[in-house]
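Next, two complexes with subunit A in common: one pairs it with subunit B, the other with subunit C.
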Partner chain A sequence: MRVYVVDNGGQWTHREWRVLTYLGVESKIVPNTTPFDEIADVDGLVLSGGAPRVGVDASAMGRNGEYIDRADFPVLGICAGHQFMALHLGGDAKPSKVPEFGKARLVVDKHDTLFDGLPGTFDVWESHNDEVAALPPDFERLAHSENCGVQAMRSLKRPLFGVQFHPEVEHTQFGSEIFKNFLKVCEAR
Partner chain B sequence: MRSARDLIAEALGDLQKGETIERALSRILRRYGGTYEDYVRIMSDVRDLASKEKLSNLEAARRIAGQ
Partner chain C sequence: MSSVFDAKGFIEEQVAAIRAAVGEGRAIIACSGGVDSTTAAVLASRALGDRLLGVYVDTGLMRKGETEQVSKTLKSLRVTSKVVHTADTFFGALKGVTDPERKRTIIGEKFIEVFEREAEGFRAGFLVQGTIAPDWIESGGQLRDRIKTHHNVGGLPAVMKLKLVEPLRDLYKDEVRQVARALGVSVSERQPFPGPALAVRCLGEVTPEAVEIVRAACAIVEEEIEAAAKAGAMSLPWQYFAVLLPLKSVGVHGDLRVYGRIVALRAVESVDGMTAAYSRIPHEVLDRISVRITNEVRDVNRVVYDVSNKPPATIEWE
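Showing the complex of A and B:
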């Protein structure tokens, strides 16, 4: 199975690649300017986090919009990737009232898919000034925290997922399990 | 479209060695022209039961299928 990581300039993009590789998936990091046709035959795609504010700056997100529009495989947006996905598909992302840096307590609203088999609350690692303020049409919220209304979301129409927190960072509990659950979706297509 | 119970039963019958129920169900759904929404809906029911009854997804699927 092949799941690539789109590099949006985040500090932990390499960790995202490393988790996937550790889980036995063929993976590589590709620039976010890579033409879609060069990644079209993957089984899944991760849109990495990025520098501060980049998720709400479409001009800094390269071809992420094209990847989301044309993907017939599952896509997981992380942090900036999650915010961009929301904006691109008709939701909204804005500056957070309370930016989160460091550990936060995630509350799972729906155990489906990404949080399948996980506890109802657990610690996650955050690093964001912006957040998803409105879900795109046909998306549902999967988790929240005290200071962030949409910590995770998914589309009900297509295999698109977004997480505000960083599952690739070791301080996030069950980060590897979240990636495994995403890979199950990639396997099931 | 066939009922969720019948689709799950067929997915269970078509399960390959070491394969997840998610993958099998997805294959069966595609066979009958089902959509991703159908998959989400059916797997949500499976996972809800699994969570409620502390079962694996496979065990929950079997229970829904009446096996």
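Showing the complex of A and C:
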């Protein structure tokens, strides 16, 4: 299975590559300016987080929009990738009232797909100034935290997922299980 | 998860890669005595034999007994190496500098000057460094923001005379330790220590006096925490040290008012240095450290404990 990581300039982009590699997936980090045709044959795509503020700095997100529009494979947006996905598909992303840094308590609202087999609540690691303020049409919320309404979401029509927290870092509990659940979706297609 | 990393395979692959990169040429390896550079030194030594020279720079910013310890380690590894004493150069260059990024950049530049000089003497065209993933990630570039300049990345001049060889570039600390264990490197479990050394643990200007204070405080922190861990009172944190703050506070010494320095104690749990949680050190251990630092280290009358995670903080304060 081949799952690439689109680099949006995150501190933990390389961690995403490491987690995927450890899970036995063929992975590669690609710049977010890579033409879609060069990555069209992947089985799944991760859109990394990054320094860009997607609400005001969407141009720094390169071709992420094209990847989301043209993907016939599952896509997982993380942090800025998640916010961009919401904004691009008709939802909204805005500065957080209370930004989260470091440890936060995740509350799972829907256990299917990403959180399959995981507890109802667990510790995750955060690092964000902005957040998803409105879900795009045909998306549902999968998790929230005390200070962030949309910690995870998915499309009801296409295999598109977004998470605000960082499943790729060591301090997030069940991080690799969340990746495994995403890979199951990739494998099923 | 970490069982998936194949240290033996990695060693074979990198020894071959170093050989291919250096060809018939010669190289120097920048050795601080830490896990990363020592592991890189052993890999490079396997690849190049006596066409490799290890260079350890005594910047005057190292911990108590460190230069002697590193010299021993390098000898035991049978890597031909030399120690360059340059404390005056580093203190001179850092005089009056308080900005953490300027400190880091100056230190990086001074390191490279030493390496270029030593390379010329050894007729080496290559510089091997123990750069690991967090070094280049946190140094930033293009889309990625700069969190802090790592001396082995951000201190490099735009035009380098030496060609860089960095076998550990894609690894994190836990993976480097696996490689180190597979190579039989004695310092495989040593706690991380930053390249700019005690300069980034002296907030504000880096003077010989300030370095002396933080050196003494770091030694006490290491002694007490290692003793407590050995006695089973706590587990050994991933990293533990003291930081000298650029602040003063009021205290009382023998019925007299004093206006003294503040030392912060930092200890964290991590796997890869990219995220960290502060360590739950037992109060008895904190107490011993506090009493010893405020009694044994001149000018310090207050100790505070840092309870920040990464993010939002970083592990080192600068």
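Some points to look at:
One rule holds for everything that comes next: the second predicted complex is superposed on the first by the 185 of 189 C-alpha atoms of A that agree within 3 Å, B and C clash if a C-alpha of one lies under 4 Å from a C-alpha of the other, contacts with A are read in each partner's own complex, and residues count from 1 in each chain.
We take it that contacts are C-beta pairs under 8 Å (C-beta built on N, C-alpha and C of every residue); 3 or more make two chains touch, one makes a residue touch a chain.
The structure displayed is predicted, hence computed values, not measured ones.
Number of subunit A residues touched is higher for C, counting subunit B against subunit C.
With both structures placed on the common chain, the touch criterion links A:Ser127 to subunit C but leaves subunit B unconnected. In the superposed model, A:Gly102 lies in contact with subunit C only, and not with subunit B. In the superposition on chain A, A:Gly24 makes contact with subunit C only, not with subunit B.
After overlaying the two complexes on the shared chain, residue contacts for A:Ala51 are found with subunit C alone; subunit B is out of touch.
Once chain A of one complex is fitted onto chain A of the other, the partner contacts of A:Gly9 are limited to subunit C, with no touch recorded for subunit B. When both complexes are overlaid on chain A, the residue A:Glu170 reaches subunit C alone and has no touch with subunit B. Subunit C contributes residues 1-2, 4-5, 133, 137-138, 142-145, 147, 170, 172, 270-272, 274-277, 308-312 to its touches with subunit A in the complex. Across the complex, subunit B is touched by residues 111-113, 116, 156-159, 184-185, 187-189 of subunit A. The touching residues of subunit A, counted against subunit C in their complex, run 7-15, 18-19, 21-24, 32, 50-52, 60, 101-103, 125-127, 169-171, 176. Of all residues in subunit B, those touching subunit A in their complex are 20, 22-23, 25-26, 36-37, 39-40, 43-44, 47-48, 51, 57.
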